[in-house]
Structures are given as structure tokens and as C-alpha cells.
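First the structure, in the form of C-alpha cells, and then the observations on it.
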Amino acid sequence: MLMNRDKSVLLIVDVQERLAPAIHDGERVAANCVWLAGVAQRVGVPVVVTEHFPDKIGATLESVKAATGGAQYVTKQCFSAQSDGCLAATAVQERRQVIVCGTEAHVCVQQTALELRWAGKEVFVAADASGSRDPADRELAFARMRSHGIEIVSCEMVAFEWLQRGGTELFRGVSRDFIR
Amino acid sequence: MLMNRDKSVLLIVDVQERLAPAIHDGERVAANCVWLAGVAQRVGVPVVVTEHFPDKIGATLESVKAATGGAQYVTKQCFSAQSDGCLAATAVQERRQVIVCGTEAHVCVQQTALELRWAGKEVFVAADASGSRDPADRELAFARMRSHGIEIVSCEMVAFEWLQRGGTELFRGVSRDFIR
Amino acid sequence: MLMNRDKSVLLIVDVQERLAPAIHDGERVAANCVWLAGVAQRVGVPVVVTEHFPDKIGATLESVKAATGGAQYVTKQCFSAQSDGCLAATAVQERRQVIVCGTEAHVCVQQTALELRWAGKEVFVAADASGSRDPADRELAFARMRSHGIEIVSCEMVAFEWLQRGGTELFRGVSRDFIR
Amino acid sequence: MLMNRDKSVLLIVDVQERLAPAIHDGERVAANCVWLAGVAQRVGVPVVVTEHFPDKIGATLESVKAATGGAQYVTKQCFSAQSDGCLAATAVQERRQVIVCGTEAHVCVQQTALELRWAGKEVFVAADASGSRDPADRELAFARMRSHGIEIVSCEMVAFEWLQRGGTELFRGVSRDFIR
């Protein structure tokens, strides 16, 4: 089915201070995570944020933190947040559709997305909000995830599917504040 | 099966005055919608045109209007014309194969195409007659639709499958007036 | 399974004099058809050649004719050679694997390949021996055929799978005369 | 499932002296085979190396030999190592997941990978450690293998899935010595 805001959770993976500067086109990836988090908050979609060894890789970027007030933050040691167990008490468990973004697309994003898919979730990866150090790794990850039934989407697809229709107060607000 | 003119309907989505100028390569997209509408009329395929909030987004482009005399025009409020219900009394309901084109590829075209597919239609999206503001969104939409069994085709594929054979009066007319 | 020379037939579609000059990268496409025909003859794979309205579109290119001595030539009126019926008495009926090449990739090659696939054949389209006037049409055709289980291969894949192993007289001959 | 070091074997195909110089971007392909072999050794994954008619095509590259101490070396005559039978007494038989790399991507790598897949293995091809003389052949091979359920991965995906988690001695060692 299309992404539905009553069934969705947004999962932001490892957008952390000492990893972010190495990501190809990393500023745009982080800005799109912030954008998605903003839209999620506006339409009432819960947000979960993972951090991989934050003592070593650094905290989540300030811009992402500022956009995710009220989100659940979890720490992980496995690359896959699903294997790790850190998602057990989060909104990811309660929702059928998981929209995943963050870094690195071919490591923690991909491993998490694949294992969520195999656990029965509908998984959507926001391509323009996901990155790797080497863009070739990112492209291979998207193709691989697609072959397992994961939907590779764009941030705008997420927003327009969550909104579902025009003509509402909600649409006008999101359109004015988020759509370029 | 191949596209068959006795089983097909052409669905032109939201080619409207205040959206069209923002579409990447928009003049070509609109020209190809006009081209497809012309071929459809010639071979006897019914045409349905959707307009999204025409009071705000404007009327269908004059060039498309001129090419779709006799078409059914419907207005919608949901991005997906299928969710909206506006297709209920149209030729889309009566035909098994729906050829979809228009804008934006990753919003109204995609949502409509996916939901028609899930409702059991054979769905074909004419790639060169479909566009988005950002071409990256369009490419992601095509790949996503493909993964759900939607066929991403070109305008010429549509025409040659509707025609099925050479040597007929019908073929000579379409060839002379439409094939470059 | 891999392409096997005892189960294969090579089907060359519509490489004709008045169409060939319009094909994008057409000289290479024709040269690769000739190359495939040469390898087919050497390894004992039967060859079938279609011509679409040869009185209007011209005869098969001389270079292809010269490489296909002993091949079955058939004339067709439908774009799909399978719908047309012209393949009924040919080696295409007797063999389980059909390797298709020629022009145009998105019209006669594609329609024929799809209908052979739906008729139960294993179908392989030699990408570098297939062309369209517009290369965008060709790419869309390859992606569409892939989604129906047709294998998009290269001429070298065909040759090496037909040969299966090195160290034989047959391999040495083909390697010397065909592999660059 | 993700690649698991207890279930994996690394299969390096035909990285030989008289073929390597002809491979497109061949130095990078060979360097990535060496890299993968190094990571495999470190995490305890067995390595199998094939050579195709080494008396004619030359021995395995010295750099690969140096990185594969303890590996099983086998000689083959069929392009597909699986058809050939040379893998019968190797670790490939004992492991469920086979990570394949080497040359040429569209001949021996592809034929081997496809037949291992059809024999029931989970097959992963390391794209950045696999090459052909003509890069177009390589791309067609990756797309074709994908359509048969073979996963096209990158060397880093292999390493991070074998490692599974950070914070261990094993991770720190591999990270320090291999991750750029």
C-alpha cells in the first residue's frame, strides 16, 4: 500500500558527528533527514533515531536533534538496528510501515532495512536522505534492497503519501513550510 | 499481454497550467501527452483526463485540451485518482489496460498507477509523457512502479502495440501523421 | 539454464535496408548481428531471419545475408513475429531457447520476445545486437523485457555459453575468428 | 539473510596473468580481490581460487596469491566452475553462502554464480572486485544475475556483514587495517 501516516514510523539511522563529514553529498543527506523529521512531526508520525557507539562516532548532528524533539533515541552496537535489539521498545515495533533514512546507506541503513523487511515490515528507504562515503556503495545498496521488496522512495513521495490529499489545513501548512 | 487498443484506456493526469511550467523537460512531456492523445483518438481508445484542484492549479493545458475532444474530464482532491473515486464512472473502470501519463510522475501519476495496479488493472506508464519537477524523483518513481509489476513504456511502444501490424489503412495514417 | 547450443535458435529480426540507416549506432548493431550469425553457424545453432514488409522496408542487409547462408527467411506483417504466425514452420518452434536480436528493440524485437516468453520459451535478447532509432526507447524496452523474465545478454555471453568450455577445437576456432 | 562469516566462502575466479591486463579498470578489480581475501582470512572465512587453463592464461596474479595463503586452488576447463566439477571437494560445497569475485564478470564469474544459485546456494557477487574487458558486458551481467536472485554487493558490504557489530577486537583490527 501507499505510505500512510497512521501506519508509519520514521527511523533515522546514525546521522552522527564524526561520520557525517565523510558522507558523499552529506550536507544534502542530513538536510533531507531534517526535512523528513519535520514533516513527520507535522503529520503525527513517530520518529526513532539510532546512534552507533555515540562515544566513538559522536552524537547525532545538532540539526537532526533540533528537528526530532520527542523522538525516541536508541544506541546500538550491531550495524543492523534490528539484529541489535535496540528497536524492541520503540515505535518501530508498533507500526507496520518503516521509512528508513540516514547513513551509511550500504551498511547500517541497508542491514537494518533488510532485516526489518524479513521481519515482515513494509520498508521504504528515502534515497535522497540516505548516503554513503562512496556513492557507488549507495547505488548497489539501493538495487539490492529493491530486489528484496524494499521500496526506494524520495522524501517528496513520503510527504505526499502521508498527506494523501490537497485542500486540507494540514496540506496547506506542509506545502507552505516544506515543499519547494 | 501487449497493449491492445480494444482493451486500453488512456489516462492523462494533471497536465495543468500552474504546474506544467515547473516540470523538468515539461514541454516535451506535454507534447508527448498530446501525441498519445492523438494516437488514442485515431485508433479508438477512450481518453480520461484528471485535474487536481483546477481552481488552484489551473485548467488542463490548451494543447492537451485541443487533443482530447470527447475525453472524459474529472476533478480530484486526493493525489491518487483511484483513491479519490473520480474514476468510478469513467472508461478506466471498463477497460483492463490503463496507459497512464502526466505529472507529477512521483506523486499523482505514481499513486494512481500503483493503486490501479493493486485494484487488478494492467498498468502501463508512458515514461516520455510523464514528468516531475526534479528528474531524480521521476526516476525513483519509475523504478518503484516497476517493482510492483507496472510496465514503464514509451509513447512509441504504445502506438505500435495498439496498431499491432503494418499494411493497414490505420497504420499508414498513424505512421504518416505521428511517427517521426 | 545457461544458453546451450543444442537447445538454441538465433532469431534475427528485421535488419532491413530502409530501416537500418535510422537506427542509433546502427552499424554496430548490424555488425553484431553478423557476428552472432557467424558464431551460430560455427557452433551449429540454426538461424531464422524475419523481414517486415520487405517490399516497403527493403531486403535484409547484404552483410547479414552473407552471414546467414542456410538460414530460414520469413516475411511478416504483424510487428510481433510470434503473433504473425511466420515462425510456425521454423526452428524457433523446435528449440527451447531463443536468442533474439535486430531492430527495432522496442517494437518488433520486444513484441516478439515478450510473446515468445509468454508462449513458454526461454528468451535471451542480445543487447549489443539490438537497436532503436531513439536509444531511450531501447533502454525502456530492455527494462520492460527483463521484468517479464527475458534475459538481456551480450553477444559475448551468447558465444561463451554456447561454447561452454575452453580447450576444444571448436573453442580455438571461435576464439581465433571471433573473440576480439 | 545477511552475509554471515560462519556460513560464507569466498570464491575468487580466474584472476590470471594473461587475462588481467585486458580487464577494464583491472588494477582496481585485482586490488579489491586482494582486499576481500585479506578480510576473509582475518575473519576466518575459507577462500577458494579458480584458474582457467593456467598453462595458457597464466597463473593467478602474485598479489592475489600472496593474499590467499591457505586457500584451495583448483583448475577448470569449463567457464562455469560449477559445471566443471572443480568445486566438488572445496569449501564451496560446505558453505551455504558463496561470495564470488574475479574475471570476467560476464563469462566465468556469471556462469559460475548462476549455476551455484540454481544449485541452491545464496550467491553474492562483489561488483567492485569483478571485471570484464568491456564494461558494458559487466553491467549486463550484473543485471542478469540480479534477475536470478543473485545479490550484487560491494566489498564493504561483505566486510561489514561478516563483522556484524562494532566494539570488538575483530572489528577494530579490520577497521584499522582495511577500512579506508
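The letters A, B, C and D name the chains in turn, as written, and every chain counts its residues from 1.
Simple rule for what comes next: a contact is a pair of C-beta atoms (placed from the backbone, for glycine too) under 8 Å apart; a residue touches a chain by one contact, two chains touch by 3 or more.
If you want to know which protein each chain is, UniProt gives these names: A, B, C, D = Isochorismatase family protein.
Treat the numbers as computed from the prediction; the structure is a model and nothing was measured.
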Copies chain A, chain D: same or different interface, half of numbers shared as the threshold?
different
Per the C-alpha means, the centres of chain B and chain D lie apart by a whole-Å value of 45
Determine the centre-to-centre distance between chain A and chain B, using the mean Cα coordinates as centres, and give it in whole Å.
32
Indicate the residues of chain A shared as contacts by at least two other chains.
none
Linking chains that touch, what shape results: line, ring, star, complete or other?
ring
Can you list the residues on chain D that touch chain C in the complex?
52-53, 56, 77-80, 83-84, 106-107, 110-111, 114-115, 118, 134, 136-137, 140-141, 143-144, 147
Which stretch or stretches of chain A touch chain B in the complex?
1-2, 127-128, 146, 149, 151-154, 156-157, 160-161, 163-167
